[in-house]
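Here chain A shows up in two complexes: once beside chain B, once beside chain C.
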Partner chain A sequence: MTAMTTDLPLTSEKSPATVREATDRRRALMLLSPGVIWMTLFMLLPLGMVVYVSFWTQTTFAVNSTLTTASWERFLSSPTYLGAIGTTLRIWAIVLAATLLVGYPVALFIGLFVKNRTVQTALLVACVIPFWTSFLIRVIAWRPMLGTEGAINVILQKLGIISEPLTFLLFSEFSVLVGMTQIYCVFMVGPITFMIARIDESVIEAARDLGASFGTIFRRIVLPLSMPGVIVGAIFVSVMVLGEFATAASLSGRKVNLLGNIIVSQVGSLKWAFAAVAGVVLTIIITAVITLALRVVDLRKEM
Partner chain B sequence: MLTLSGITRRYGDATALDGLSFTVPDDAYVSLLGASGSGKTTLLRLIAGFEEPDAGQIILDGVRLDGQPPHRRDIGFVFQNFALFPHLTVEENVAFGLKYRESNAVASAAEVAERTQAALELVGLEGFGHRGVGEISGGQRQRVALARTLVTEPRIVLLDEPLGALDANLRDRMCDELRAIRERLKVSFLHVTGSETEALTMGDTVAVLAGGRIVQSSGSRALFEAPLNASAAKHLNAWNILSGTVEKDKLRTNAGILPVPGSLSDGQSAQIALRFDRIDVSDAAQVPEGRHHFEARFLTGEFNGPTALSFFRTADGALVQVVDHLSSPRLPRLEEGRTYALHYRPEEVLLFEGAEG
Partner chain C sequence: MDVRMLRPALALYTGAFLAFLYGPMIVLAILSFQGPNGGPQFPIQEWSTYWYRHLLGLTETSRVSQLPVGDSLLRSLALAFMTTVVSVVLGTMSAEAFRTRFRGSGPVFYLVILGMMVPGVLVGLGMALLSNVLGIERAWWGTAFVLHVVYTYPFAFLVMLAIFNRFDRSVEEASLSLGVSPAQTFRRVTFPIIFPGVLSAALFSFTLSYDEFSRTLFTAGRDLTLPLSIYGTFSVEIYPNLFAFGVLTTLFSFTLLVIYGLLMKRFTGTRAGRFSGQEAVA
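Right after this comes the complex of A and B.
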């Protein structure tokens, strides 16, 4: 037997492991810093500023930094503004449900029934085609579709199904809902498709082999495994719909006032303090919605 | 009894299974041996109903299976990658088939729990029910997959390379356990593998799949000692196969002109098979009386524990393998590059008529 001696002289130098750990930590900090700096400068500071400004004193033509709760009191006691919160939440809930209802089957089809990866990608890209044109065009394109002389009314009249044009189609809450669902659906489809496509084919085959019908497999296997995608999609859609103002502005004929529209009009008339109050309220609502969504599914566990 | 007759399955231009016929008897352990790409997984998927054959019939206990969806076939399938439900615990995985199958679902929670526990005990996993499937080892996952299939009492269990993902020690242990579990349940297992040792160890009957057909199906000992054709012999990894043409009752091969048993007409193609462990080696001058021989150059040896494998190359390029059992060594000390006589008893030769498959 030969004995191997590994007696190295003890040195006071740092062990290689410590050095490596320090390097790793430095690299992590370097990767983190651009994001942290960006967020601090352009999100945290402005957010703090918005909260601060919401307590400034607003006069008809100017705003000064004397602190007061007057804007908050006016906002919270005005039926118009509280109504706007209600409208925003109602539109959000309906659009969220509609995008899920329209988007999930599409995602299920692309993720589960299309086996070819290339076709999957092509179909996902097809979902994004409307985004190749400007936001405004996408929204305004609904007018010739939904208007009283629009395609739907003309066709329905020609077919003799209706005699008078349907007026609720355009410049109503309905048209806002249709427009938003169309625009934001793809943000629901994407994440859900990715989650469903990640489900191992043999897991579904195993469930079939164990005697489960398609409905049962969907309920017990596919739906639970796609939940993280639903939550991510719901967060995307929520954040965008809650902050919306353009769709409502161009399709509602000023009948639908969202928090976003209030902010736009207040800023337009230089009511900074008041716009700030609406901004803070909107931020609180969005934070609450995201927190709620993350409660439903523990993304850390599922991803 | 599961009967397959005339099963054909094509993928585009490639034919995976070509008019295959095969029977799995009741209460038997059948292993299906095939090289990778031979269509053995396809065969299982056809039986389970994940795919349908282009032609042929699959009949289980007199009832035609093909055309029925997988969840109405009552067949157990153990996947190579286990295919456990990642979001469910061990217990929920095992209970899945009981609770959610379309017909005869077990409604009583107590019965589900009881049968789940029994299945977990059967595979030696009592106490693991509450673990997530990500929190257990590969061997334990294999057991969960098995328990999940067995708990629904399928009419036949298909195992797709069930031991492939396990390490060697665990594989040996699972081999014994699989056989023991099957004997207790009295259900037929059809076990697909690419390993001849696994196939021979596990199967009461071993079927060899080659060229889209079952080329032989016999008891493991009979198959190993007397393969019926060259394809079957090739899969056993224990036979040297030399093909050639007949000339005056001898076979001209690239190991030389060798005598063959029986008489064949001139010009006919034929192959002879010589078992690795039935060939002896000596100097060319010292071939014992009454033995056939041919000469070949020693290339290299391979030591693998209880046996040693020696590789020889004949002048015409045929590769010949010889196995020596180290508990009773019979080969002389071999020098690389030297030419030796490889000799064997005439009756050890198997003759297969026909060209190389």
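Right after this comes the complex of A and C.
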């Protein structure tokens, strides 16, 4: 790619090259247009629709296109909906921190301490395989694990650590956090491992030869060089957690209401305009988070 | 040195992490062999394959109704297949376009990538609103299908982009300058080189679509896909037949992965053989 770009200014003066460049560009646009049209019609247009409908008038079972800010006013003055924004942000922050804390040491081990390429790949594959199974099944698998008669309570009781089963494990915010951390930490481990494994061995050796302790090496070399991986992982996890509703719906026993859950329940009762307002709020939050993250790293260069 | 301590500590931690990843699925698999009178928890009353037979409709009358997976499974497979074909074609075309430098490539790149980033519940809601306004009936093969492609096409695009970045354009140019038609060049030169990428893109698209749930929830209309049927059982009491289903669907996903691996090995094996001379020169 770099060779091509340096060639371009030299050849652009010759007319056959210019002609070819023009045909190439026309060809590129033709190849690209189906994809761009698809994304515009089936992604941008629906998203625009969400914004538009959030200003429609909501009647009992329908919406009509008379523009009003009534839905917005109701949303922003309702403690339930504002609470949902708070819950979404809290769950997002905790899960993001948890996936990073749980995942980073694993990435450090696979990327830095495992020297054998085959073992490295095998460990990474072992981390990715659960992602290959059904999302809903992985969510529901936490029920027999965390329930009052679940595996954890049974084991703890057998070991004599507790006498009564722990009830806060399932159908609580705790179970939602555990479930989301398990499901999404793969997206943190992958990018971070990738960045750490790319660090030149000789840089670390040089630091060690100069007498740097492991703590210094980690702080001055490994951590800064792994940051793009952390950011990419954080973007993945954030986008997925912020748009979540299934984990909360099936593990919280209706105790955790995320913005996603609000949208689902509003659509269920045909309150399209309120659902749209919740959708716009969600879009604003996600856009803010991604913009913030992209300030730190250029995603296109990392991928 | 603390490093000597750190290595086994991190190895142990990674082991615990893998247990955390796999634990729930293992417990679920164990409980799927629960006896007919057992519930979806410990203890195991007796070991049996009752719930597998129940799932397949081989048991006689039961206190638990059968999981409604038959028709929805077929729908999900058809939907995943349609999604795979369209997203691999779109992804290959777009990635091919990105081999030429053109103005506006940045925004187009982000537009495509947005498809895998935007939450399913949002585009699902938007598509439902749009079909309401336009008076289009929602269906898994229509409104849900186009959203599945919105989701999987970026994955196919990224995979193909990675393949094209590593593939020297002069190979194609040589073929073209020797008078081979562009269509023939694509079939005989370009396609064999990009085939591993196509296979990976297809695997991604198929698996993601087969399992996709949030994009389908508002857009599938009356006929449910497999994940929707499964989600429907969550709100009522769950029984070990759901666990049996979980084990079977996991096995299905792994079978796909194995087929992919075999195809990949076979293909890259013959390719390495064919081009071994060239690689030695390079």
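Basically, the second predicted complex is superposed on the first by the 266 of 303 C-alpha atoms of A that agree within 3 Å, B and C clash if a C-alpha of one lies under 4 Å from a C-alpha of the other, contacts with A are read in each partner's own complex, and residues count from 1 in each chain.
The definition used in the following text is that a contact is a pair of C-beta atoms (placed from the backbone, for glycine too) under 8 Å apart; a residue touches a chain by one contact, two chains touch by 3 or more.
Computed from a prediction, not measured in an experiment: that's the story for all the values here.
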Clash or fit (per the criteria above) of chain B with chain C on chain A: fit
Which superposed partner A:L225 touches (first chain B, second chain C, both, neither): first
Touching partner for A:R143 - first (chain B), second (chain C), both, neither: second
Superposed arrangement, angle subtended at the Cα centre of chain A by chain B and chain C, nearest 10 degrees: 90
First (chain B), second (chain C), both or neither touched by A:A206: first
Which superposed partner A:T216 touches (first chain B, second chain C, both, neither): first
Per-residue touch tally on chain A - higher for chain B or for chain C: C
Chain B versus chain C as contact partner of A:A70, first or second or both or neither: neither
Partner chain(s) touched by A:L156 [first = chain B, second = chain C, both, neither]: neither
Where chain B and chain C come nearest after superposition, their Cα distance in Å: 8
On chain A, the residue positions that both chain B and chain C contact, one per complex: 213
Chain A residues within the chain B interface of the complex: 200, 202-203, 205-213, 216, 220-221, 224-225, 302
Chain C-touching residues of chain A, taken from the complex the two chains share: 1, 4-5, 8, 24-25, 27-32, 34-36, 38-50, 53, 102, 105-106, 108-110, 113, 123, 126-127, 130, 132-138, 140-145, 147, 149-151, 154, 182, 186, 213-215, 235, 239-240, 242-243, 245-246, 249-250, 260, 263-264, 267, 272, 275-276, 279, 282-283, 286, 290, 299-300, 303
Chain B to chain A touching residues, read off their complex: 48-50, 69-72, 74-77, 79, 81, 83-87, 96-97, 100-103, 105, 148-149, 152
In the complex, chain C residues that touch chain A: 1-3, 6-7, 10-11, 13-14, 17-18, 20-25, 27-28, 31, 39-43, 90-91, 93-94, 96-102, 106, 108-115, 117-123, 125-130, 132-133, 146-147, 149-150, 153, 157-158, 165, 207, 211, 213-214, 217-218, 227, 230-231, 234, 238, 242-243, 245-246, 249-250, 253-254, 257
